[in-house]
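Following are the structures in question.
One chain, chain A, appears in both complexes that follow, with chain B as partner in the first and chain C in the second.
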Partner chain A sequence: MPVSTNSQGLPVWRRRTTRAQWLQYLAWLAGVSLFLLCWKMISDNTMWVFVEDAGRQGADLISRMTPPEWGYANVLWKPMWDTINIATLGTAIGIIMAFPVAFMAARNTTPHPLVRSAALMIIVSSRSINSLIWAMLLVTILGPGVLAGIIAIALRSIGFVGKLLYEAIEEIHPTPVEAISATGASRLQVMNYGVLPQIMPAFAGISVYRWDINIRESTVLGLVGAGGIGLQLNASINSLAWDQVSVIFIMIFATVLVSEWVSARVRHAII
Partner chain B sequence: MSERADMTRVQTRQQAAQRGQWRRLPLIENPRLRWGLAIGAVIYLVLALASVEVNWARVAEGAGRAVNFLGAFMQPDFISRYDDIVAGLLESLTMTLTSTVVGVLLAIPVGLGAARNISPLPIYFICRAIIAVSRTFQEIIIAILFVVMFGFGPLAGMITLAFATIGFMAKLLAEDIEDLDWRQVEAVRATGASWWQTMNHAVQPQVMPRLIGLSVYRLDINFRESSVIGIVGAGGIGATLNTSLSRYEYDTSAAILLIIIAIVLLCEYSSSHVRRWTQ
Partner chain C sequence: MLTLSGVGKRYPTGDRALTDIELTLPKGQVMALIGPSGAGKSTLIRCVNRLVEPTQGSIRLEGTELTKLSGQKLRQARRSMGMIFQEYALVDRLTVMENVLSGQLGYVGFWRSFLRRYPQEAVVEAFRLLERVGLPHAIDKRADALSGGQRQRVGIARALLQSPKLLLVDEPTASLDPKTSRQIMRLIRELCAERDLAAIINIHDVALAQQFADRIVGLRAGQIVFDGLPSELTSEMLTTIYGEEDWDTTPEPLDDEADDSEASSYQRGLPTMAAGSAR
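After this line comes the complex of A and B, so read on.
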């Protein structure tokens, strides 16, 4: 109990010992100084003249964006369809690839610890690299287009789906698995009848959730040339047609809201 | 479904199993919905695959580059662009830290406002609208707007990430507050505490562990995002990576990617530690 005495020699309750109190002050001091140091680096690299102007620029931007050029929406249906395709096909391919990876990464289904670390490596590298970076990479390899976007989304989804799925596999009940293997089932049959039914709801939920995220991500892949509505966005921004940009924003907003609603409904139905 | 129908279904399944015709239960119970979904999925796949245009000649041409790129991963080049990489990384890291701090500080009032059980209806709607806008748009789209407003450089990136952090943190914080143990709030209120004191002594202790965990998680996300918003001129390692990729200097890009992966791993490892320590 951290107790100290007051001037009359009576014990006084305190929340922390002197040592803990000092340590806390020091931690705060270190944190605040680190923040200020970082802030100074940023402020050194900033042209403050531009920042002073920001309010006027923002107002100017809004005045250029309104009213939206609604007629432009007719041009956007095909790119929007492409965007949805990128997200959906990318998710599908990602799931197909993530499935074996998750089984190899789960502690209870992996064939060998070495395989497990390789699978974990795949998951980590796929997760840490943003889909836009994957897209940049694939655009230089496959050329600009929807295909690069689909594969970028797929590669990014492997890590996400794989991680959540292998955690689900590690949390299954061992009893059905033991029951199935007691009947003399082969390894594949144990997976099929013992493990798979237990992870199916989690799997469906994860897939739909990832699809929802992928819809958001695929709207911007076009900025680096990987197809979809981002291409139109990039073109409109480069030609400073801000009234078209606002139409695109509204379409993205609507699509994301719909996909979020669908994903919430499906997940609600499953759980 | 009624209990009796369930019983007969179980019996028919058992009889089928005794005849050796056991089938597992389907994932979707309603057959019409099941087949409808399957047929819909096939039709969609055909339509979608038909609309994907692939330039196979270009793909074949790129295959050599893919091999080069994989080769570059075996021999990443950290040296020749050392200065650019270090400058980009430092910028990314400073942006990550400042944006997380600022974002979390701003997310706390928004999160309080977006919790239905402690805020009045008008404030609730305003805060929910802020969250919806901040969550719908990708960081990179917000970055484009802020770059126009604040000029090129890390400040635009920092503001972007802080804005995205607000949506993420405020939503989760609001959900956490909505789930909180109401008895403690009532107990503190019964002592005659003001609104401010109620927040400080009844709400804050309950949400603090999760708030710290989420902040650390967000730090991790912000670092990953800071590696891409450089593409549109908002500072950070993304600009360096983009340049190296478009110049086909794959060994440098591989080095940058490896550094990003390493830092994300480090972040994840330490964040799981922090979360275990706070909970």
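After this line comes the complex of A and C, so read on.
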């Protein structure tokens, strides 16, 4: 802000220059216009005949879903167990693979800039593909079943855990690392004593959070044949057995609720 | 024992941190390095153990040229130089004992250190050092549960567990209260005497430096401008090192002295009383 004075000769302070202020108003105008434009396009492309009876259709669906066919739950225990296993094993494998990748990707621990680029490449490619798509690919390669699901979850988790972990590594306090190096410690020892203790809380939090996400993601993997409760969900929807679908929904909801609770407890205990 | 000749450091940004430093430190000498912030004190001691790479000159420790070392050789050289830091630089989430034992990392292999299986002699020595610095009760505490003075004692024990020949001390008292500062300086001084260690101590507090060091070196803008005994450090010398300032430590007269002589004499009386009781 350039210094200026008012009529009484007192200095004036504004947060922005007049030019910057106008530019900001302009940016807001552009943003709001874009939003309205999108709104109009969506509304033009909607077939309102279908939307008009949405209330009736929804009510019809709910009436078909209730009462849930509770007896069907007995068939679901096994797939639900599979789902939890897919999530847990997938997360574990993902973490084991993400751990070294994160150290290679962090600017302050990477052995070489080229290694860093390669590690970032792994992280980006893992993150850019959704678990469901990984599962589709793996079902084609490995055939349908739980194994494809586990590997799909693991591959997707590498990117997530790796990215958050390498950011945590880059944010550590540098002085303890300096101090450990000054004792004559080797690179690995510096990682073990200087870096690892500092990222442990972040690491635990990230892992449990990813496990929590993976429980939710693994419930849909069955839609493409990768095992778990999604398989049952798909079958029930295809046979229009909506009272079975509602049982599955309730079970997924309960499982996610429990996993949220577990992850909150674990995070609290570690940090 | 430690000889720096023609040492210079230029950072990649082009800033010259050190220019042509000539310094010889005999065995057992405690040297205080004073100078304004940014004069290159930290850079100088970090050049010695190569946390910062000097760009010029040679640094020799007992005949070993330090500037050319790398890998295993550098690690071995670092073992003989213990470093103590301003903010203690402990690993907060490790216990006091783990922090002290990390001073042994240059001596043990990765798996031993990973599994915390340190040699028996090292463990005995760690216990002895914790006793010596006055923290035998804190062994199992986490480092972040200690007070500033206690943390610095852990830092000192870690440095000594390296069995160093030289201590590099970077602003050991900058985050401590005056009493703890004196205790820490006295401890460092005593330990140097016990083990016949040489030490370079970066310090801002000139009075502490004069009291606890054998020799004072003044650094200004990366160059040595004073090198002598603590008693030779005069006000003129301080002006050369730090720049113009009134170095007289007696209290400045108060402005309203003439108006109310009774009140002002009371006010003037206070500092002397306080100083007297501290002695």
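One rule holds for everything that comes next: the second predicted complex is superposed on the first by the 218 of 271 C-alpha atoms of A that agree within 3 Å, B and C clash if a C-alpha of one lies under 4 Å from a C-alpha of the other, contacts with A are read in each partner's own complex, and residues count from 1 in each chain.
As a convention for this text, a contact is a pair of C-beta atoms (placed from the backbone, for glycine too) under 8 Å apart; a residue touches a chain by one contact, two chains touch by 3 or more.
The structure displayed is predicted, hence computed values, not measured ones.
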Contacts for A:200 in the overlay, against chain B (first) and chain C (second): which applies, first, second, both or neither?
both
Taking the superposition on A as described, I'd like to know which of chain B and chain C A:35 touches: first, second, both or neither.
first
Looking at A:54, would you say it contacts chain B, chain C, both, or neither? Reply first, second, both or neither.
first
Applying the touch criterion given at the start, work out whether A:178 contacts chain B, chain C, both or neither, answering first, second, both or neither.
second
State whether A:120 touches chain B only (first), chain C only (second), both chains, or neither.
neither
So, A:266: does it touch chain B (first), chain C (second), both, or neither?
neither
Comparing the two partners chain B and chain C, which touches a greater set of residues in chain A
B
By the touch definition above, which chain A residues appear in both interfaces, chain B in one complex and chain C in the other?
193, 197, 200
Residues on chain A engaged by chain C in the complex (per definition of touch)
175-176, 178-186, 188-189, 192-194, 197-198, 200-201
Under the touch definition given earlier, write down the residues of chain C that touch chain A in their complex.
49, 51, 75-79, 81-83, 85, 87, 89-94, 98, 102-107, 110, 113-114, 155, 158, 162, 168
Which of the residues in chain A end up touching chain B in this complex?
34-35, 38-39, 41-43, 45-47, 50-51, 54, 57-58, 61, 81-82, 85, 88-89, 124-125, 127-130, 132-133, 136-137, 140-143, 145-147, 150, 193, 197, 200, 204, 216-217, 219-220, 223-224, 233, 237, 249, 252-253, 256-257
Per the touch rule, the chain B residues reaching chain A in their complex are 24-25, 27, 44, 48-49, 51-55, 58-59, 61-63, 65-66, 69, 90-91, 93-95, 97-98, 101, 136-138, 140-141, 144-145, 148-155, 158, 224-225, 227-228, 231-232, 235, 238, 241-242, 245-246, 248, 253, 257, 260-261, 264-265, 268
